[in-house]
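Below are two complexes that have chain A in common, paired first with chain B and then with chain C.
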Partner chain A sequence: MAEKKFLMGNEILGQAARAAGARAFYGYPITPSSEIAHFWAKEACSEGGQKDDLVFLQAEDEIGAGFMLIGGILAGTRSFTATAGPGHILMQDSLAMAEAMRLPCVYYVMQRGGPSTSTVIYSQQEVNLACFGGNGNGYRIVYSPSNLQEMFDYGIRVFDVAWKYRFPTILLGDGMLAKTLGEVETYSVGERGLVMAEPEAYMLERSPRKRPIADIMPSPEFEVRAGEDGTEYDCYRNCLNWEEEALAVNEETKDAFVKAAEEVTEWEEYGQKESRILVVAHGIVSAGVKSAIDQMGTGEARLFRPITLRPFPERQLREAAVGADRIIIAESADNQLGRIVKDALYGSGIDIVEHYRPSISILPEEIVGLIRSNAD
Partner chain B sequence: MANFKIVICGEGGQGALSVAEIIAQAAHTQGKRALAMPFFSTEKRGGVSMAFTQISDEPIPYPKFGKADLWVALSQRSVDRIAAWLQPGTKVIVNSFLVKDLSLLKGWEVSEIDAVTVAGEEVRNPRTFNMVIMGAMVGLIPGLDRSAFTETLERHFSSKYEKNPELKAQNEKAFGIGYGLTHK
Partner chain C sequence: MVETKMPPDAKLAFPKCVRLESKPHLFCPGCGHPEVLKALGFAIDELGIQKRVALGVDIGCSLLAWDFFNLDTIETHHGRTIPTMVGFKRAKPEGVAIAYVGDGGAYAIGMSHLINAAIRDENILVIVVNNGVYAMTGGQEAPTTLPGTRVKTAPCGADRHFVRAPEMIRNVNPNAYIARGITTIQVGLRKTLKEALQHQVENGGFAFVEVLSQCPMNWGTLGRPEKTFEYLEKTMLAAYPVKKY
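The block that comes next holds the complex of A and B.
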């Protein structure tokens, strides 16, 4: 039943995973994401959690946790992890494998300030890592929520999207969202009419599979092997021998990603369409931009906010940029969102102002000043 | 009520984060919009912790802010850490047991509360000093009813109350003393 609760962002994510029907958490606690692990440990020990056979497993580190997560996914269990900062770096090991093998792993990542051992609370400096970490081409889906309610909403959605499109899916929050205590409306997927994609085992006897394996994974990586008793197993291969073979898998994965992007890409525009300044920001910074636009009330600026950082709403941004004299990119990082935005806008000729504040929050008042100083 | 902004800062372990959270939780219980957000360094103890609370009748767009309506320093180094959040008219509370140098606070009306001594002498438990401070804070927050705190405190400290049943009455007494010091 829909219910207003007063919770910390990390607890909201724990509740979202539960509402999404997640069964297993594999992780290693790290500030500012630890309360997600705490929540799941407590939940798994509760009466309801035991009834639902929840799994909580703390690994020796994030590398171990990431590969346990992959094990859970291969076995067909709706599984997830949560991490931050240096843990996110280690988690790229399994994430790159998940990307290579089209595994629907879910990662809740709460960005924290770097260089790594400085502030543990806030930054937006893990955009590069979330979108493009690893030795692949960045075929992952990355959501950037901007407030506590979206932490719940997208905290559920990632589980559907991951399994539906078979790409690793990241909810990229930050320490501020993770640690803020506030009101949220929680609900069950049933009452909102949400249908969650069902998990399915990857390594399985052939007979019980519900749909053709070719629907799920790039064909060159898949082969059938017989067990000693003659039972045939779907075997998933992650070792490609030839350049041509690797290219074929890459192209197949890219095609699937481009196709998924048509349905998955999300963005938000805010403010009056005729405003001459377009501010591009994501996550909590975009919440500050909205507040700045409201405070000014003069229609000088509007917001374009990518909700998915991967796939990035490139065409939508180019369309939104039409009529803008100037584009301001604001982020709590140095040229991470900026690089993606400039790539999307290549050739537009619009004047771009880059406002990079790595590891420090950008207050609405600061954005008001930024807009005013660029309004002439 | 317009968005009322509170910043509180103390040494790690003094309870600044808990105070910020309990006030937000109690405001929520009263039907207000509220957010509480901590900022802390890597050391749990030995570092300075600060926290931001906002209370409003309207949705609150962003968890952090630049200037405070109520400003609370629990230790001397907290004064420097949050000096930038002062603005004309900011209500100021200091824990004068640890804050001795008020030179940065000239121009503000300061409630100097020797919370540790008060908690030690009147409540017989100096560790409830942060409840004295919290009571004093609530006395200065417009539109907030102190009655909501009994329930919120009970929820927040339920496991501690189980181990130490005396603490409940002590916390409530400390809170009431603090409230009486500032509420007009």
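The block that comes next holds the complex of A and C.
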């Protein structure tokens, strides 16, 4: 039943995973995400958790956790992990494999200061890593929530999207959202009429497949054969023999990603359409921009906020930019969102102001000043 | 450990669970891997668990086993097969999870996964093929390379110490099934692998089998089997006792 609660961001995510029907958590403690593991450990230990056969496993490191997560996915279980900063770096090992083989791993990432160990507080400096980490081409889905309610809403959605489109999916939060206590409305998927994509095992799936592996995995990566009694045995690989096979894997994955992007891409626009300054921001900074726009109340600026950083709403941004004299990019990183935005706007000719504050909060007052100084 | 009584199907060219469409296999001439896999296949046949086995294979020469069997098989990243199979087994306890890894994958890049899986007593079987060298990458030093051996990354001779994995694992797990076999004693190897699988089927916890294996390509003995097996059965065997621990 829907109810208002006063919770910490990390606990909200734990509850979101539970509401989404997740069964297995594999992780390694790291600030500022650790309470997600605490929540799941307690849940798995509870009477309800035991009844639902929940799995909690603390790994030896994030590389181990990432590959345990892959194991959980191969078993056909909605599985997830939670990490941050240096742990997120190690998670890229498993993310690369998940990207290559279309494995719907879910990662809750709470960005902290960077580079290196840095602070345990906050940043938006893991955008590059979340979107393009690894040795692939960034075929993963990345959501950037901006407030506690969205942590719950998108904390559920990532499981549906991951299994529906079979791409690794990241909920890219940050230390502020993770550690903030606030009001949130929790609910069950049933009462909202949400239908979650059903998982299906990649290995030891002995009932007829609802979705053939050939519809999911790139063709060079599997060999399905029937044994003597007709049982199908599925063999999967990610190590290929020929350049042409690698090209096929990349092209088939890209085709599937582009197709998924049509349905997955999300964005938000805020403010009056005739405003001449367009601020582009994501996550908690975009919440600050909304607040700044409200505070000013003069219609000088509006917001374009990508909700999915991958796939990025490129066309939608270009359309939103029409009529803007100036675009301000604001992020708690140095040119991570910026690079994506500038790539999408290439050739538009609109003046761009870049406001980069790596690893530090950007408050509404700062954004008000930024808008005013650019409203000439 | 040295079993000499031949099982009735021992003269079959392949176990029943083998995938004939992927033969001839792609291992180098004289490689020990197919012999380890053959023993494993026969053990699986004998236990009748073909439909329940989830096989994980590592990167390195072991990756060539990705379609060796009619078994559900996943090829992972180098060193990451153990956690993958741990995650799988936790989510699907009715499966029989096997991690098939080389000595570099298990004892160097994946050592923390191996030892922690043993500490946690994960109910999986880890098979490590020990040929004393990094083979797929061209003959570099492994944690198993015997002291003084000249290899590509130790041209003046390998380090003075090497890993004794069974002792290490026993040190952290008193209940684990732990044994070492050798490719040249097939009946014994098959029996060992069968016991190790049975250990998992009975929810006995962590099982670990190291298999001494030959690598003529990187030992520089290609085409000279007498030299290959002299090194395996004398030098390797002297350093790595074949027995149940």
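Definition applied: the second predicted complex is superposed on the first by the 366 of 376 C-alpha atoms of A that agree within 3 Å, B and C clash if a C-alpha of one lies under 4 Å from a C-alpha of the other, contacts with A are read in each partner's own complex, and residues count from 1 in each chain.
Just so it is clear, contacts are C-beta pairs under 8 Å (C-beta built on N, C-alpha and C of every residue); 3 or more make two chains touch, one makes a residue touch a chain.
Keep in mind the model is a prediction, meaning the values are calculated, not measured.
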{"item": "Which superposed partner A:M176 touches (first chain B, second chain C, both, neither)", "value": "first"}
{"item": "First (chain B), second (chain C), both or neither touched by A:E365", "value": "first"}
{"item": "Which of chain B and chain C A:F6 touches, first, second, both or neither", "value": "first"}
{"item": "Partner chain(s) touched by A:S291 [first = chain B, second = chain C, both, neither]", "value": "first"}
{"item": "Per-residue touch tally on chain A - higher for chain B or for chain C", "value": "C"}
{"item": "Touched partner set for A:D93, first chain B, second chain C, both or neither", "value": "second"}
{"item": "Touched partner set for A:N238, first chain B, second chain C, both or neither", "value": "second"}
{"item": "Contacts of A:Q15 with chain B and chain C, given as first, second, both or neither", "value": "neither"}
{"item": "Partner chain in contact with A:R23 - chain B first, chain C second, else both or neither", "value": "second"}
{"item": "Chain B-facing residues of chain A, complex", "value": "6, 117-122, 176-177, 179-183, 284, 287-288, 290-291, 294, 361, 363-366"}
{"item": "Touching residues on chain C, where the partner in the complex is chain A", "value": "16-17, 19, 21-22, 50-52, 54, 59, 63, 66-67, 69-77, 80, 83-92, 95, 112-113, 116"}
{"item": "Chain A to chain C touching residues, read off their complex", "value": "23-24, 26, 55, 57, 59-61, 63-72, 74-77, 79, 93-94, 96-97, 201-204, 206, 223, 225, 227-228, 231, 233-239"}
{"item": "Of chain B, residues touching chain A in the complex", "value": "21, 24-25, 28, 33-42, 60-66"}
